[in-house]
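Chain nomenclature is as follows: A, B and C, assigned in order of appearance, with residue numbering initiated at 1 for each chain independently.
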Amino acid sequence: MKIFQALAKIDRKIIFAILAVVIIVPLIKPLGIISRASNRAEAVFNAVDAIPPGKSLMISIDFDPGSQAELYPMLNAILRHAFAKDVKVILLGLWLTGMGLGEEALSITSQEYNKVYGEDYVFLGWRSGVLPVILGMGEDIKRTFPTDYYGQSLNDLPMMNDIRNYRDIPFFITLSAGDPGMNTWIAYAQSRYGLKMGAGTTAVSAADAYPFLQTGQLTGLLGGMKGASEYEFLVREKGYSQALTPASQAMDSQSLAHLLILILIVLGNIGFFFIRKTTAFKGEK
Amino acid sequence: MTLASSIWIWVGVFLTFCIFSFLYKDNPFYKFAEHLFVGVSVGYSISISYHNVLHPDLIVPLFKHGELLNIIPLIFGLCYFARFIPKVSWLVRLPMGLVLGFGAGAAIPAVLQANIIRQVQGAVLTPEIFQGWNFFVWALISLIGVICTVIYFYFSKERKKSTKFAAEIGIIFLMIGFGASFGYTVMARISLLIGRFQFLLRDWLGIIQ
Amino acid sequence: MQRQIPLMLCLVFGVFMIIQFFIPHPISTTAYEIVLRWVRIIAIFALVLGVGSLTMHHSNKIKRKVKGWQFSIITLIAAVITALVGLLGMNVVDGRLIFFAGIGRTSLLQTFFQNFYIPVNSTMFAMLAFYMASAAYRAFRARTKEATLLLIAAFFVMLGMVPIGSAISPRLPEFAEWILSVPNLAAKRGIMFGIALGAIATSLKIILGIERGWLGGGK
């Protein structure tokens, strides 16, 4: 009884400290738990892999630094995959505050593969309004984005010569942290223009993607940091990149932290039931 | 262990600890970082909006190429500021009416197609169900779950025996759905914390790669 | 007039968008592209308005010396400096400050974003993990049958979706995947129907002028 009462009084700062330790220790001393790719992640990977060299993959940054840990590793892994396969990349975003992340990711990965701006990749940047942007690109990308992120006319970028609208995009990936994001692209680009698409989402919205996966509106799904680690695993396994894999590195910490949360829930419930039982018993007397 | 030499990394570390200090209690360091963030966010939004939209979409076409048709959205846009002038504050309704009408008109067919028609098809007609008995059973359970969930959300009529039972089944599916979302939410929050620790251990302290 | 014109605009643009969806004739497509462009431009003014309101809010706090007004000064100074850095296209190339060089990778705007914006924004969300761990211990109780179901589903998803789950048993990820793709899918699809029907009904009410909340008060 005393144990449960003592447990119920654990200061939250002690819980904070335990969680920090559980996360930090495996980052320094990895446990080496093997992580494999799910079918959902493989579907996204295969769709990117199937894009013929010279054709374009479009990626939308629909997140900000608040979800960086989950979606930014996905962005890097997908960019590395595309560049290694000589697939051209069109990057844009519906979240204004995600633009800096796109710029950073491109500057790192394009250098790794010696890719040339305007020939191998283009950064369209951000435009206001969400719906007119998605719908506008279905008609004409150059009219929706007369200039790229840097203010250069798209007519001056050789890569954009053969690209008019979604019909010229074999595959599209939204990296989505909410709204606007996955749901918006499905409703306005996938349904209306038949854009073939996959999604990388924060874990929070991963469960919401399942109805779209079952109907085929989404080709595949990368769910949260685990999804990012799966993509990193596939890119590394196929020899497309030897770069650092932050999401994979995090998986031991992720596993242990989940175990800790589960233990906390179980302990909390045991204490709750025990105290409730004894209180009820005393009440009867 | 090699400590970061870049001053900017140290700035990032300082701000990270300012925010983490809230775990102890609200304090001036947290407030400082929070207000700095809001300010930088506003300035950043202004800059990107100018470079990515105002300049290429309005200033260049209107003032350099003389595309006079762009005066119309400019006037509508300026009407937003009428809310600061009481006499003509009603003008703010003009751009709102246009944008709302546009959004609503675009949403009706899109939502109907993506979230209703395709989802009804997915609920009843999937080629997978012929792949094996288990696929058929899961599809059937799923269909029952969808119907019961929809019944649970139907409040216009008093629930009688059969609908009450269906709604109760609906709750079971909903709770499992919420549980799945909750499990994934835990995953998300932990991931974000790992991301910050990676920054501290890798970029600042140089303990990990 | 002050209500009729906005309502008329709403009706015209709403109906136009619906018609355009079903009849993509070249004439309507041209008009459609013009409308898309207009809405994009108008939308940016809404953002400018938001920025203006925020600036006024902080200015008023400073004027009235409201508690914590000193922090509003930080907000305003940070906003002005960041905006100037971005609008003037300040870049640092080989240690030299140059102006009107855009917002690319060498720009100060990008440096500000990486070192002021990212650390604060990402840590704010990261901090929630601590509160969630504490709440997991104190609040997540299997008080009722429904709550127990929720906890069981969460338990399997939490364990099954991380590598340790498959290390414990390969059945765990399979079961988690089943939860997600059968009962979870059914629940999410049911909710989706509800939201979609609600969105369509509300959109229709807006277009037809039945829903007029957006007009606000006044004449």
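In this section, a contact is a pair of C-beta atoms (placed from the backbone, for glycine too) under 8 Å apart; a residue touches a chain by one contact, two chains touch by 3 or more.
Quantities reported herein were computed from a predicted structural model and do not represent experimental measurements.
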Chains in contact with chain B and also with chain C, listed by label, are A
Taking each chain's centre as the mean of its CA atoms, which one is farthest from the centre of chain C? A
Between chain B and chain C, the Cα-mean centres are separated in Å by 4
Please tell me the distance, in whole Å, between the geometric centres of chain A and chain C computed from their C-alpha atoms. 16
Where the CA atoms of chain A average out and where those of chain B average out, how many Å apart are those spots? 13
Give me the residue numbers in chain A that touch at least two other chains, ranges are fine. 16, 19, 66-69, 97, 100, 127-128, 131-132, 135, 149, 151, 192, 203, 207-208, 211, 214, 223, 226, 254, 257-258, 261
Chain B: which residues touch two or more other chains? 23, 41, 44-45, 48-49, 51, 53, 57, 102-103, 106-107, 109-111, 115, 119, 122, 177, 180-181, 184-187, 190, 192-193, 195-196
Which residue numbers or ranges of chain C touch two or more of the other chains? 21, 35, 37, 39-44, 47, 102-103, 109, 113-114, 117-118, 121-122, 124-126, 129-130, 132, 136, 151, 155, 157-158, 161-162, 180-181, 184-185, 188-189, 192
Looking at the complex, which residues from chain C come into contact with chain B? 2-3, 5-18, 21-22, 34-35, 37-49, 51-52, 54-55, 68, 71-72, 74-87, 89, 102-103, 109, 111-130, 132, 136, 146-147, 149-158, 161-162, 176, 178-197, 199-200, 202-204, 206-207, 214-216, 218-219
Applying the document's contact rule, which stretches of chain B touch chain A when the two form their complex? 23-24, 41, 44-45, 48-49, 51-53, 55-57, 60-61, 102-103, 106-107, 109-111, 113-115, 118-119, 121-122, 126, 177, 180-181, 184-188, 190-198, 201, 207-209
Which residues of chain B touch chain C in their complex? 8-9, 11-13, 15-16, 18-20, 22-23, 31-51, 53-54, 57-58, 69-70, 72-74, 76-78, 80-81, 83, 89-90, 93-112, 115-116, 119, 122-123, 138, 141-150, 152-153, 170-187, 189-190, 192-193, 195-196, 199
Chain A partner contacts - residues on chain C that touch it in the complex: 21, 29, 32-33, 35-37, 39-44, 47, 102-105, 109-110, 113-114, 117-118, 121-122, 124-126, 129-130, 132-134, 136-142, 151, 155, 157-159, 161-167, 173, 177, 180-181, 184-185, 188-189, 192
Given the complex with chain B, which residues does chain A contribute to the contact? 13, 16, 19-20, 23-24, 27-28, 66-70, 96-97, 99-100, 125-128, 131-132, 135, 146-147, 149, 151, 186-188, 190-192, 202-204, 206-208, 211, 214-215, 217, 223-226, 244, 246, 249-250, 253-254, 257-258, 261
